[in-house]
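I have a structure here, written as structure tokens, and I will follow up with some questions on it.
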Amino acid sequence: MTHLPDQGPQPGVHDLGYARLDTDRLERTGDAEVVYGAGKTPSQVVELLQTLHATHPGSAVLATRLTVEAQEAVTAALPDAVVDPVGRTAVLGEPGVLRGTVAVVAAGTSDAPVAAEAATTARVFGAEVDVITDVGVAGLHRVLGVRERLDAADCLIVVAGMEGALPSVVGGLVGVPLVAVPTSVGYGASFGGLAALLGMLNSCAPGVSVVNIDNGFGAGVFAARVARRSAPRERKDA
Amino acid sequence: MTHLPDQGPQPGVHDLGYARLDTDRLERTGDAEVVYGAGKTPSQVVELLQTLHATHPGSAVLATRLTVEAQEAVTAALPDAVVDPVGRTAVLGEPGVLRGTVAVVAAGTSDAPVAAEAATTARVFGAEVDVITDVGVAGLHRVLGVRERLDAADCLIVVAGMEGALPSVVGGLVGVPLVAVPTSVGYGASFGGLAALLGMLNSCAPGVSVVNIDNGFGAGVFAARVARRSAPRERKDA
Amino acid sequence: MTHLPDQGPQPGVHDLGYARLDTDRLERTGDAEVVYGAGKTPSQVVELLQTLHATHPGSAVLATRLTVEAQEAVTAALPDAVVDPVGRTAVLGEPGVLRGTVAVVAAGTSDAPVAAEAATTARVFGAEVDVITDVGVAGLHRVLGVRERLDAADCLIVVAGMEGALPSVVGGLVGVPLVAVPTSVGYGASFGGLAALLGMLNSCAPGVSVVNIDNGFGAGVFAARVARRSAPRERKDA
Amino acid sequence: MTHLPDQGPQPGVHDLGYARLDTDRLERTGDAEVVYGAGKTPSQVVELLQTLHATHPGSAVLATRLTVEAQEAVTAALPDAVVDPVGRTAVLGEPGVLRGTVAVVAAGTSDAPVAAEAATTARVFGAEVDVITDVGVAGLHRVLGVRERLDAADCLIVVAGMEGALPSVVGGLVGVPLVAVPTSVGYGASFGGLAALLGMLNSCAPGVSVVNIDNGFGAGVFAARVARRSAPRERKDA
Amino acid sequence: MTHLPDQGPQPGVHDLGYARLDTDRLERTGDAEVVYGAGKTPSQVVELLQTLHATHPGSAVLATRLTVEAQEAVTAALPDAVVDPVGRTAVLGEPGVLRGTVAVVAAGTSDAPVAAEAATTARVFGAEVDVITDVGVAGLHRVLGVRERLDAADCLIVVAGMEGALPSVVGGLVGVPLVAVPTSVGYGASFGGLAALLGMLNSCAPGVSVVNIDNGFGAGVFAARVARRSAPRERKDA
Amino acid sequence: MTHLPDQGPQPGVHDLGYARLDTDRLERTGDAEVVYGAGKTPSQVVELLQTLHATHPGSAVLATRLTVEAQEAVTAALPDAVVDPVGRTAVLGEPGVLRGTVAVVAAGTSDAPVAAEAATTARVFGAEVDVITDVGVAGLHRVLGVRERLDAADCLIVVAGMEGALPSVVGGLVGVPLVAVPTSVGYGASFGGLAALLGMLNSCAPGVSVVNIDNGFGAGVFAARVARRSAPRERKDA
Amino acid sequence: MTHLPDQGPQPGVHDLGYARLDTDRLERTGDAEVVYGAGKTPSQVVELLQTLHATHPGSAVLATRLTVEAQEAVTAALPDAVVDPVGRTAVLGEPGVLRGTVAVVAAGTSDAPVAAEAATTARVFGAEVDVITDVGVAGLHRVLGVRERLDAADCLIVVAGMEGALPSVVGGLVGVPLVAVPTSVGYGASFGGLAALLGMLNSCAPGVSVVNIDNGFGAGVFAARVARRSAPRERKDA
Amino acid sequence: MTHLPDQGPQPGVHDLGYARLDTDRLERTGDAEVVYGAGKTPSQVVELLQTLHATHPGSAVLATRLTVEAQEAVTAALPDAVVDPVGRTAVLGEPGVLRGTVAVVAAGTSDAPVAAEAATTARVFGAEVDVITDVGVAGLHRVLGVRERLDAADCLIVVAGMEGALPSVVGGLVGVPLVAVPTSVGYGASFGGLAALLGMLNSCAPGVSVVNIDNGFGAGVFAARVARRSAPRERKDA
């Protein structure tokens, strides 16, 4: 009695029964749809990746938030796919010419999964990536030591949990567009990442924007779109 | 008994007693410091604008969140300043050559002050601005009718209160980097803009980033930095 | 020492020991009581369905929120029951003549369980159902493509998680009464469906009402009551 | 420096400079746009009412959330308008033939403004209205005494602050579709209406839907749409 | 390296190593200490019950929030103990002469564990108990049918989850002191019992007081203290 | 266009147009209705007090939450009324024979208005009152010095803001039924009394129940009902 | 009818009618009581300061949170008092020999009132004070430039609003005990200082403790107690 | 495709691949880095402890929040390590000369793990520790009986869950600097320790500072830094 009547074919939609892919998205926005793995079975993930790859043979296609089971299914069924167990992603195909650079900066070791998801996403969406880890504000010499690399990027992704202070420090050092990603790392009054989220939204450094808690994917899409449009740089922005 | 001992002159700091301007910021980040008017007296706003203008004669300098009294004081003391009563801003000096375009898109008439602050900020920070107002999602023909202008921008600022749905709709139409600004427009369960903020953070459109509630200034800085770095475009992003 | 003294028979109450069925509800409100499966054992679900069916032989009776174990117990004990593993419901008996049409509209594939519960409930409570899935606002062509079906319904149920923007878009397209159901689909700052709930309560489209997070059942009851009272329609509302 | 470039005329939009009216809404949804008075000047309210009235001469047009100043301006400029200081509304024109009945039920005297806004809205949107006041659950004989009138309505609007229990009691008495409106009446842990809102969303009576805190307007639109579509009734719903 | 130095014997304290019983409490407040089972091992529960029983041989001693393992250990080690698997309590010894009557009223079947804990506690603390179940407000005839029993009690405990409306209805029917217990029964916007808690704190019926979510124990202590002090009643309170 | 049709006379209801008094309440619950002054005009307060006094000539009738204007109007129109500017109450008539004793205990001087409302209410509802002020837990000698008076009461009302710790300390000293009233005294993370409310709900002392923030009235009703039923005491409770 | 019976003299208490001073506190804790000005009349503030000064002639006594009216009344009545309009404090008498040093570090100019209250309090409670202002993390050179002064203190008070990141940065630079004070400076998602409070509680720098929002007084007491006990230092802590 | 490019050696950083130790911290702040065990594998914990021990052979090094598996791995691999299963810590090496005394005071037996973590941390960071358990405010004689030990300490750590009232009581008894640790002990409206946290932040006792929920480590670091700097004491603080 699930009452799912025929809907007939619709232009710009590929119907797999359990999902209706938006095949018009590449034309409309410049980027193909992505497989969001949460709540999908391993075999659905495999079929969706295959379908997207067949529809967009010239691009890399991406699946995120994969369970260990889904990662194993992809590895078994799609030997060309690159699976990252840290970021819980799979990529099929090559992203083409990369343009511009996204620097992914992470405060602590526990933020690694979110940073890896952001890095992989930014590359699939067409940008070079420079990853800088474990530069928490409690040891400022670590972030001050990478100031050059921060300044050389076209867009920054700054990942931090707990109090989420790193974007304010980085945003005060350089004038590069900065997307902050709060993570759910912490306990007690971190309230699942809320403390870091509020901290980043209230950053005293101008030019900081924020995405959802643990949303490395969203930050990666955003930063790649900024980076790949950027004009080649000499030095300091005008 | 306020115990404010001498601190002596520090490089990169201009001390006015009630405030210590970060005069190194232009060198460090490419943008001068800004006068945040909240909690400052009219005469402090005037003196700070004058000081910043004297320090950075070749740029436009900006004051935000001005009370009516502060706006009147600026108009009286600084006849060259451009004061906007809607966005509650004042600008002194010219921003130089503008590069790239920021489109500021607002959902309703009540969002006008935040949109105006964002637009003025983006121009002071070096980008052309295209303002598109009153395109709420309850009348989709209005936003669909401006799709070309959205697609032509280098960065989008989308301003909305209440449920904050406009960024999801715009973000699904074009692939331009999009900064969403939730506003405190609404009542009851909008909880001062919280509903719009949460909506935007959870947007199902990829590539949406968010700033604080009513933070038109922050969105303007961010979007201008993206736009002015952008390479000139032909058509659709690759 | 549980001190549960006899309460004696009460009119309009059928006492099963662990539950006291409100057998007067059909007479009072036009609809029989329903088995809410959460926290009940499989055998209690079976016995309650049987008892309700015996009391109301001319209607369909419904059980919701069934565990897999309860679904299996119902299938084994009541071969005439229709069990839906997606919506986690079981139905025993036939709903009689259906009047009016409820359209159930879901934003994403993850919203399917809530949409299925709403659809089954609306049918048990006496309305025809039209299900429209995967029409999220990030691909507007999908919802614009079904405008006719939306307009033809007597009541709409719109199901969405994450930012919950779909009711605002649908509510701006047609003037049909619209019940919105926020779902707990999302992560981080969705706070278990709170973001979608607040978004829907603040919808800028007039005439949107809301039920609890994941409450497909409540929306189904409400929409069926609206639809089955509706006068037959020609076209556009007067 | 507000940068508001020409947008040119757009079909379905009437541009007044400070607002762009959605003149296509009547055609699209069956109901004209409404003047939301919050944040508008008295003269803007007058002009918007006049414009809407001129565009839709055969309907009643409505303005809500009017300040005392706006109410006085409307009375002075539009002698045909009916202004209600309790509900803070103004109506210009006649709603045409009313169909179906909406019963507006309010728990306490402090809920009167929200109930009045709901009643006026429902009538402007085309339904007969029956108002029942001061029937709080702490004196059950009052609500039990009006059971007949509740049952005779095609849609119920139930308005309550504090703990918001009235919809559960009414929803258990009759099977009429019920829209609950939480109000901000209360103090302390009512948190501006949050307690009533949560109570109504969790109602144990099936078929209760909810609108935003103090949103009498939204409930009125919704209920009128339900009532005016209803088939004429004999007795008890089938 | 846990550094737990000797503290030496203290009057009014019985030291078991892992806990220091307040043996002075009976003298000070009229009631002995109770074993709060959460976080304690089965053998600790057994030893604590034995110790309390030995210290207070003339009273009943109580353990609450027992796991299934702890219940089994008590049953095995203390054959005289009465274990209630619904309320998760164990009682050792007899409470002596009971005075006054506490009526425990529960809205739904899912509230049974909290109601059982309250009933057992009230009896251990010295009051007669009358339990009335499944009288939710969506079927008012059930609660109206027990008005006599409500009025005959010396103190009422009213247990409800979801919207928590029952205390308002009961508190409007009789003038008996009423302690309300919100339960965590519900989902979505019940937020673990918060909706019921806020509803009860904002009750429009005068004379309703509230305890923590699911705190049947606290309500039982409070109500027994009220009931056992009450003068014998004839009819209606003066 | 307020649509307030005649409702006809209803038994147990006295209709004043702007309010419908529950004149059956005294018969039903043992206590007359009370004038809640918030949101009422001074002349309404006067008329309501007069009406209640005429209906219940043998009792004291109470008005709470009176503005300064309403207090002055009562003093002018009803010379027999006793007006308390601290507790913002007015009382007309005499409460009859007082039975039992309520002790009102307040933590700090800022809690005085809530304590005064509680004390006046308890007396109007028929109990003797003993007020003990300024016994905050940061100076324990103050509360320890009044232990005898606490123990002599039949019910305690404990009023505290900030962290709300006083009920836990008092509840550990004596076994008298204790109603805690959190107040909105505090700032910052007191969140308008939320901190005190949560503290009291989580009290480690058994037998503490709680009313809404600043709800001295509710505590007074509850405590008077407990006290006036109490049997005369010798010493320690059994 | 305020029922405030005589309480008789109590040792360690000085009764002024509207307040009962804890005159034993100096003996018990080493520090005299303080006048918390919020909610007190100007004449009460003057009398309380005089009384405390008379009781403790050898110490400085402090009043905080004074309105402008109270500040003027103190200046007029107590010419020896030192009134600070920024920190809203008044001090009467001399604090005696100061021991140890408290450094008060403030992020922005808007934090000045809280910093001034903390500085004055620390001095009244017996410590030398070094104030360092406007060293927000968005311009790190400012805080790095004062590292020596931070390291020389015996206790640090770090005051910041918005995201509250400064304590994490300072706490990573030096090992001095650090008390963080969140301020209500900010807007939107700062939620009255909640963002800064949560940020500080989740600081990744070890050894950061936190007081209530805007609680400069509490931080001053705490830090002075730490500083005045400290042994004289040579260099780096062992 | 994790893109983790070489970062090259950086001074003050020891790179283990999965973590980059801040080896400069001891020089900078006086204390070595600590192993935060949450989210780390047992073998990582072992290697990190070994590495820290090798870098700082003259100190004790600490690991916190160890799973049972990590505790077993440490015991097996590092026989010199002292593992505490209650506080879930491991210590390798000796802390050197201890200076000053930290008293750790816990309200209930369920707070033992947090108290043990605080005690172990304080000792590793160089202070003597005195542990006082089970002195909840519901039995005041227990805390009054240890007043001498409280007064003899150089810094107090007060650990409590539920309403978190103990710091207010202790802070009113003695003038020793006091760090409060809220714990997640409790249920219902304790909201995972939020009630205790808010209670402690709003303490009416001056000089109370607070750390994150369950953060025994942070309190231990802070208190040890205070205690080890303290001058030797005779009696009462000056």
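Order of writing sets the labels: A, B, C, D, E, F, G and H. Residues in every chain begin at 1.
Following the convention adopted for this analysis, contacts are C-beta pairs under 8 Å (C-beta built on N, C-alpha and C of every residue); 3 or more make two chains touch, one makes a residue touch a chain.
Chain identities (UniProt): A, B, C, D, E, F, G, H = PurE domain-containing protein.
It should be emphasised that the depicted structure is a prediction, and the values quoted were computed from it without experimental measurement.
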| item | value |
| --- | --- |
| Shared interface partners, meaning chains that touch chain B and chain H | A, G |
| C-alpha-based rotation, chain C on chain H, 0 to 180 degrees, nearest 5 | 180 |
| Length of the line joining the C-alpha centres of chain A and chain E, rounded to whole Å | 51 |
| Interchain centroid distance [CA atoms averaged], chain B/chain C, Å | 45 |
| Chain A and chain F, separation of their C-alpha mean positions in angstrom | 57 |
| Residue numbers of chain C (touch at least two other chains) | 138-139, 172-173, 188-190, 194, 197, 201-202, 206, 212 |
| Chain-chain contacts as defined at top | A-B, A-C, A-G, A-H, B-C, B-D, B-G, C-D, C-E, D-E, D-F, E-F, E-H, F-G, F-H, G-H |
| Residues on chain E engaged by chain D in the complex (per definition of touch) | 107-108, 136-140, 144, 162-165, 168-169, 171-173, 186, 188-191, 194-196, 198-206 |
| Chain A-touching residues of chain C, taken from the complex the two chains share | 82, 84, 86-87, 89, 91, 104, 109-110, 116, 119-120, 123, 129-134, 138-139, 141-142, 145-146, 185, 187-190 |
| Of all residues in chain B, those that touch chain A in their complex | 28-31, 34, 96, 99, 126, 154-155, 172-179, 197, 201-202, 206-212, 217-219, 221-222, 225-226, 228-233, 236-238 |
| In the complex with chain B, residue positions of chain D that touch it | 1-5, 7, 10-13, 18-20, 22, 24-25, 38-40, 182, 184, 192-194, 197, 212-215 |
